[in-house]
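Same chain, two partners: chain A is paired with chain B first, then with chain C.
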Partner chain A sequence: MQIGFSFNVSRCSGCMACVVACQDENDLHGDGLNFRHVTRLEKGQFPAVSMSFLSLACQHCGDAPCMMVCPTGAIYKRDKDGIVDVHQEICVGCHSCALACPFGAPRYLENGKMSKCHFCVARVEDGREPACVRVCPTKALGFGSMDSLSRQKAEKASMFLLEPLMKVSGP
Partner chain B sequence: MNSGLNFEGPDSKLPGEETGIEIRHTICSICSPRSHCGIDAYVKDGVVIKVEGTKENPNNAGTLCSKGAASRQYIYHEDRIRTPLIRKGDKGSGQFEPISWDEALDTITTRLLKIKDETGPEGVVFYAGYSKWMRPFLKRLAHSFGSPNYCTESSVCSAAAGLAAGLNYGTMGGPETGKSKCLLVWSSNPFYSNTSAVRKLLDARERGLKIIEVGPLITPLTAHTDFHLRIRPGTSGALALGMAHVIIEEGLYDHDFVENWTLGFEEYRDYVRKYTPSITEGITGVSGDLITKAARLYATTKPAALMTGPNATVHHTNGIQNHRALTALIGLTGNFDREGGNHVVPPAYLYVPNGVTTRQGPFMQSRPWEEMPPRVGQDQYPVWCKMVSEGQAIHLPFQIRSKKPYPIRALLAFGMNYRMWPGSDFMKDSLNMLDFFVDVDLFMTDTARLADLVLPACTSFERSEIKFYTQKYVIWTRPVIPPLEESRPDTDIIFDLGTKLAPDDDLMQKGYEASVDWILEPAHLKVEALKEYPAGYRLKDVALPPYQKYEKNGFSTPSGKMEFTSGVLKEAGFDPLPKYEEPRLSPFSTPDVAKDYPLILTTGARLPMFIHSRTFRLSWTRGLRPDPMVDINPKDADDRGIKQGDSVTLSTKRGAIQVKANLTEIIAPGVVNMYHAYSEADVNLLIEPDYVDPISCYPGFKALLCEVKKTQSA
Partner chain C sequence: MPEPNLLVIGNGGAAIHALQAARASGHSGPLHLVSDMQGRAFNPMLSPYYLAGKILFDDCFPFGEGFYKKFDITCHLGSPVETLDSANKEVILKGGEKLPYDRCLVATGASPLLPPVPGLRTSNHLFTLRTAEDTILLHDALSETQSALILGASLVGVKVAEILVQRGIKVTIVDIAGQVLPHAAHPECAGILEAHFATKGVELHLSSNLERVEDHGSEAVFHFQGNKTIKADLCLVSTGVRPNLDFLNGSGVEIDQGIIVNHRMRTSVEGLYAAGDVSQGRNLLTGKEEVIGLWGNACYQGRTAGLNMAGQKTSYPGAVPDHISTLFGLTLVHLGNPMHQGNDVTILSNRDLSEGPYRLMAFDKGVLVGANLINGFESAGRLRKAMIRKLNWEEHFGPLTRVPSDQEIAQFLADVPDSLSIPSPPF
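For the complex of A and B:
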């Protein structure tokens, strides 16, 4: 099974509560140290302008490049749920993972060791949501197994297609 | 808090016996009373180690915004004031030494009673800033002491919008978004100002709600709208008159409501005749075609509701009349006090309407106005004092200086920020002219530094308070941690002062919980009973008032009708029609000023991680936007050789500040947008202290003239 985040770009308002909730959960008090990052994109020119946001953390890749390049085997992927995590006691802080990661997920602590989003694994195992998902005021962020997320998406798309047809026979 | 990561392993924050972590319920009170989200505090050994939203709380349903999520840095910040402090150096020197609570409270009561004895109680001003939770008790203390001068930050917040709508209708109702088919959002950005409400707004949109947005900025809402009318700042009134023109000319107004329930329609119709779509386009910058389409959509989709921001439309030198013009559209289209329109529900407690009745008003007005001298601003802003139950704080520095009609000698302030005043240096200097200034705050702020005596308050995590929600929910909070060091709840300070300042006030003597019980009596709620529900209590048998109450009671205006021509304004010598006037500083009203200052400056729009200055000092929120930045359109920036992140000088005729340039299309060419309250780049230094609306004394924060230039490095 592979667990993952879902992100509804049309609902994200760029409030960055997810960034702070993650910092609070993980005691990231260091200057600018965060596991989740929100980027804003503007497109077009006045008066036709649109603005979007993307909230990004470790993607817990199926075929994680950070794990491939880690010389000490500190980075590992859990069989149970596909969460990519790091054994800090083995990490030597070589930054290979940072070079390999296309999403800029790895961060480095004051002790030089790599740390990053661990999917709030203890919370998830305890039946709770990751801190970033819990805090999201617009419900733009979600999580679940990749299968269930796809199923939810399919159902939502089907509803969208069915809705106008239903109206015809309505009162 | 130290800077490094204290990494105890990912499983260190689960509640339970083995971890020793307990979840205790409280509320956040960093932002406005419309939010105040329920918080689950994870507490270990008496320390909050994590927060998250309370799921059972129907307002936030487990979620928080970035400010609330940063609560831990707020509670435990190193700038928290730890003990009462008395000034040692010169006034404003910021040099203090600790004193005991007994000494501090004795000093205050002695000084204030002496002033009362010498020149009367009106010489003492009682001021409530943010948050608003202590207001009922402070106002009662002021009036029981004998002073009419209870002032608050509502002198720039939402009171003027209430005043303007009150002139039209006698009252106002919020949008009933859940039942509405069309929402006209006028200069409001709930995504950043009332985050807990947007989930439902987005859900309603997904169900087919039409949304029209009016405002000078592109916001996260814009992507969810049918139309965005991007006005030039300050022209809301003209746009509203232009929409009324279309609605009346095309016969789309509610004939029945207008004929039976309004005053002055003929004069109003004659007046809006000149606001044709093309004339209105010339003023507002919104295309006539779009104005027509938006007017038709709002007028023909039933029911339709108007959502305005608390103050963006009244932070103008023509603010009251602008807001009157736009709220007049509600009655014109027959959406006033209708289901799915703007439903009038009186507030239960602290600005939250939910159908509950309390005695907050009578509790606060412990002495009638007639038995006290005039309030600050009453001679110059009589309409304000007629419609709003407090003094006008923006006028305070003028009265401190002029001593007219009587001298102001002392100020007892809770959560005051002098940078709220236009011409904030003018207010700062005025504070230094007082005989005695006491400031109660969480942090050693720029304002606290000016005080003679500073008292440490505590956060919502460290106190008990009553909080109502619109979703028929109430919570009496219990402290989740004891107050930090010697800090105390604002209410403890107020009631302690009350023992000597208001000895004849029976409720003040009985104390805080007895006073809350007295306020709650009509709601059949008691503090002791609410303590049984630490996460909150779902109110039973509470019904919202019916719709169209005016059919039975009329309108509480001089004529008993909705007034297109205001009787109150006429009596006070103002134009009774909702007349549009240009901002006092604009490219059209002051072309000579615009030669040197060609850009329109709009200030104070919300950012998601800040509410005024309250979370500036937290690294989590400040880290999301570290620098004071002026939003400028890439075209204007290019004309001035300015690139993203450049150091620039933002200047007006009055002054200049140094900020970074943020090139963005969210702002139109010709307009720049600056967030307020930065100590190092205070935009209110650029605004004249008397740049205010003549009816409300609200500052014209949202439209004036400026220039932006690249700062030459020395």
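For the complex of A and C:
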């Protein structure tokens, strides 16, 4: 099974609650140490401008490049849910994953070890939602198994951002 | 039809990923591994962490003891392949043993290149850093070392310099080029690094041409053009590597710098594949076949070779030269060719470090072809994606007059349709 995030760009208001909830859940107090990022997207020229937001964290890729380039085998993928996580005691902090990741997901703790979104693995194991999904007031962020997300997607054409995400995250 | 007999020469990242992929894709026939060394697969890029005291020697062997058993691999360790007879499809080991194959992967990596300087090769003070053995020899010598000369201001050279400085050893870095990291850093970026290394106590001698080395008891004397001499207890040669392919003489396989391979890691000879530092695959930036000696590239190539040898049709489009490492506390990123030249080339940088991390970007007709970052590596992976996809920055930003900010980079790359998929899916 592979779980993934879904994101509905037409619902996101850029409120950053997901970022704050993530920091809080993961005790991220360091400068710029966020696992989730919200990017403002502006399109067009005045007066025909549109603004939208994109909330992005690790995509837990099916064929994760960070895992492939890791020299120690510290980065691994869980069989049961496809979560990509890191054994910090094995990480040497070489930063190879930062260069390999097309989303800019890997971050480094003060001790030099890589750390990134792990899907709030403890919460998910408990049957709860990841912190970012839980707080999202507009329900722009969602999560679930890739199968159920693609079923939902078929039902909701507005989730147009999901498709590229699935390409990455699908097993 | 019986399953083909697969044989892999080498026991590094490329070899291991080939073996693993062949088995995982369902190959149930024989899998042979031949290596000149005893023991498990060593990862050369971990040796600096061992020398720095950050990991144990055992940690330089990232694939566990059980790997070979788990994947049912027949190991022939401790004797190098001396000849590959492609006509009879067999390899001949030192000592004469012959091993037949249906499909063979050459994954023998590369070895340090020693410049032909009189007295260098025979000096008792000479060290290189590639194999497990090199690592132990260097490690053991350090406790007795007070002064070291690093010949070659390459990434390996600078990394080792940092470790030696931390151990209180007096370090001199020498290069024939007029800058440090001549293959990885634009001269402007190199200038910033040189100033930083100097503040850490490193003595730099650039544009220095070594003419002769003489051993004098416990130290060696290095004579340079222009009557300059430097004395040191230890000399690390880090001037580059050359692929290990001597045993291929007479095999008829096409070789340039390395063994030429296509997107399936096949060589010009039937049944023969190559992967990793010994091979010359596609540079996505230039479209030409080049040796790109990187751990990740070796693993991807190995996996591709293993799958194809096992009968799958998968391809690996290639790689761009890139590197990231922390040098004397600064995280340096090198992407593509920051020294790219041409009529339509625009090179932009924010030299003023008070504005944040240093970033130099080289564009050719609006397409990113090279970059150097010092710190601020968060955008590195995204820039790599933009480079591989040959996205046109001018179409988005208009004429480029200054380096885009982090926010602009994030916006630009999120804006592109389907930018959320992996840039170069390996298969």
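Here, the second predicted complex is superposed on the first by the 156 of 171 C-alpha atoms of A that agree within 3 Å, B and C clash if a C-alpha of one lies under 4 Å from a C-alpha of the other, contacts with A are read in each partner's own complex, and residues count from 1 in each chain.
As a convention for this text, contacts are C-beta pairs under 8 Å (C-beta built on N, C-alpha and C of every residue); 3 or more make two chains touch, one makes a residue touch a chain.
Just so you know, these numbers come straight off a predicted model, no measurement behind them.
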(request) Determine, under the contact definition given at the top, whether A:Cys101 touches first (chain B), second (chain C), both, or neither. (result) second
(request) In the overlay, work out which of chain B or chain C sits against more residues of chain A. (result) B
(message) By the touch definition at the top of the document, which applies to A:Glu42: first (chain B), second (chain C), both, or neither?
(response) both
(message) I'd like to know which partner A:Leu54 touches here: chain B for first, chain C for second, both or neither.
(response) second
(request) Scan A:Leu149 for contacts with chain B and chain C and give back first, second, both or neither. (result) neither
(message) Contacts for A:Thr72 in the overlay, against chain B (first) and chain C (second): which applies, first, second, both or neither?
(response) second
(request) Return first, second, both or neither, reflecting whether A:Gly93 touches chain B, chain C, both chains, or no partner chain. (result) second
(message) Based on the A-chain superposition described above, do chain B and chain C contact any of the same residues on chain A, and if so which?
(response) 32, 42
(request) Enumerate the contact residues on chain A facing chain B in the complex. (result) 10-11, 13-17, 19-21, 23-34, 42, 44-47, 49-53, 85, 88, 109-111, 115, 118, 120-123, 126, 131, 134-139
(message) For a test of understanding, state which residues of chain A touch chain C in their complex under the given definition.
(response) 32, 37, 39-43, 54, 56, 59, 61, 63, 65, 68-69, 71-73, 90, 92-96, 98-107, 161, 164-165, 167-168
(request) Spell out the part of chain B that touches chain A in their complex, as residue ranges. (result) 1-7, 10-14, 50-53, 60, 62-66, 68-73, 191-192, 195-196, 198-199, 202, 218, 220, 222-224, 230, 608-609, 619-621, 623-624, 633-635, 664-666, 668-669
(message) Under the stated contact criterion, what part of chain C meets chain A in this complex?
(response) 43, 45-46, 49, 54-55, 59, 62-63, 295-296, 299-300, 303, 322-326, 331, 333, 335, 377-382, 384-385, 407, 410-411, 414-415, 417-423, 425-427
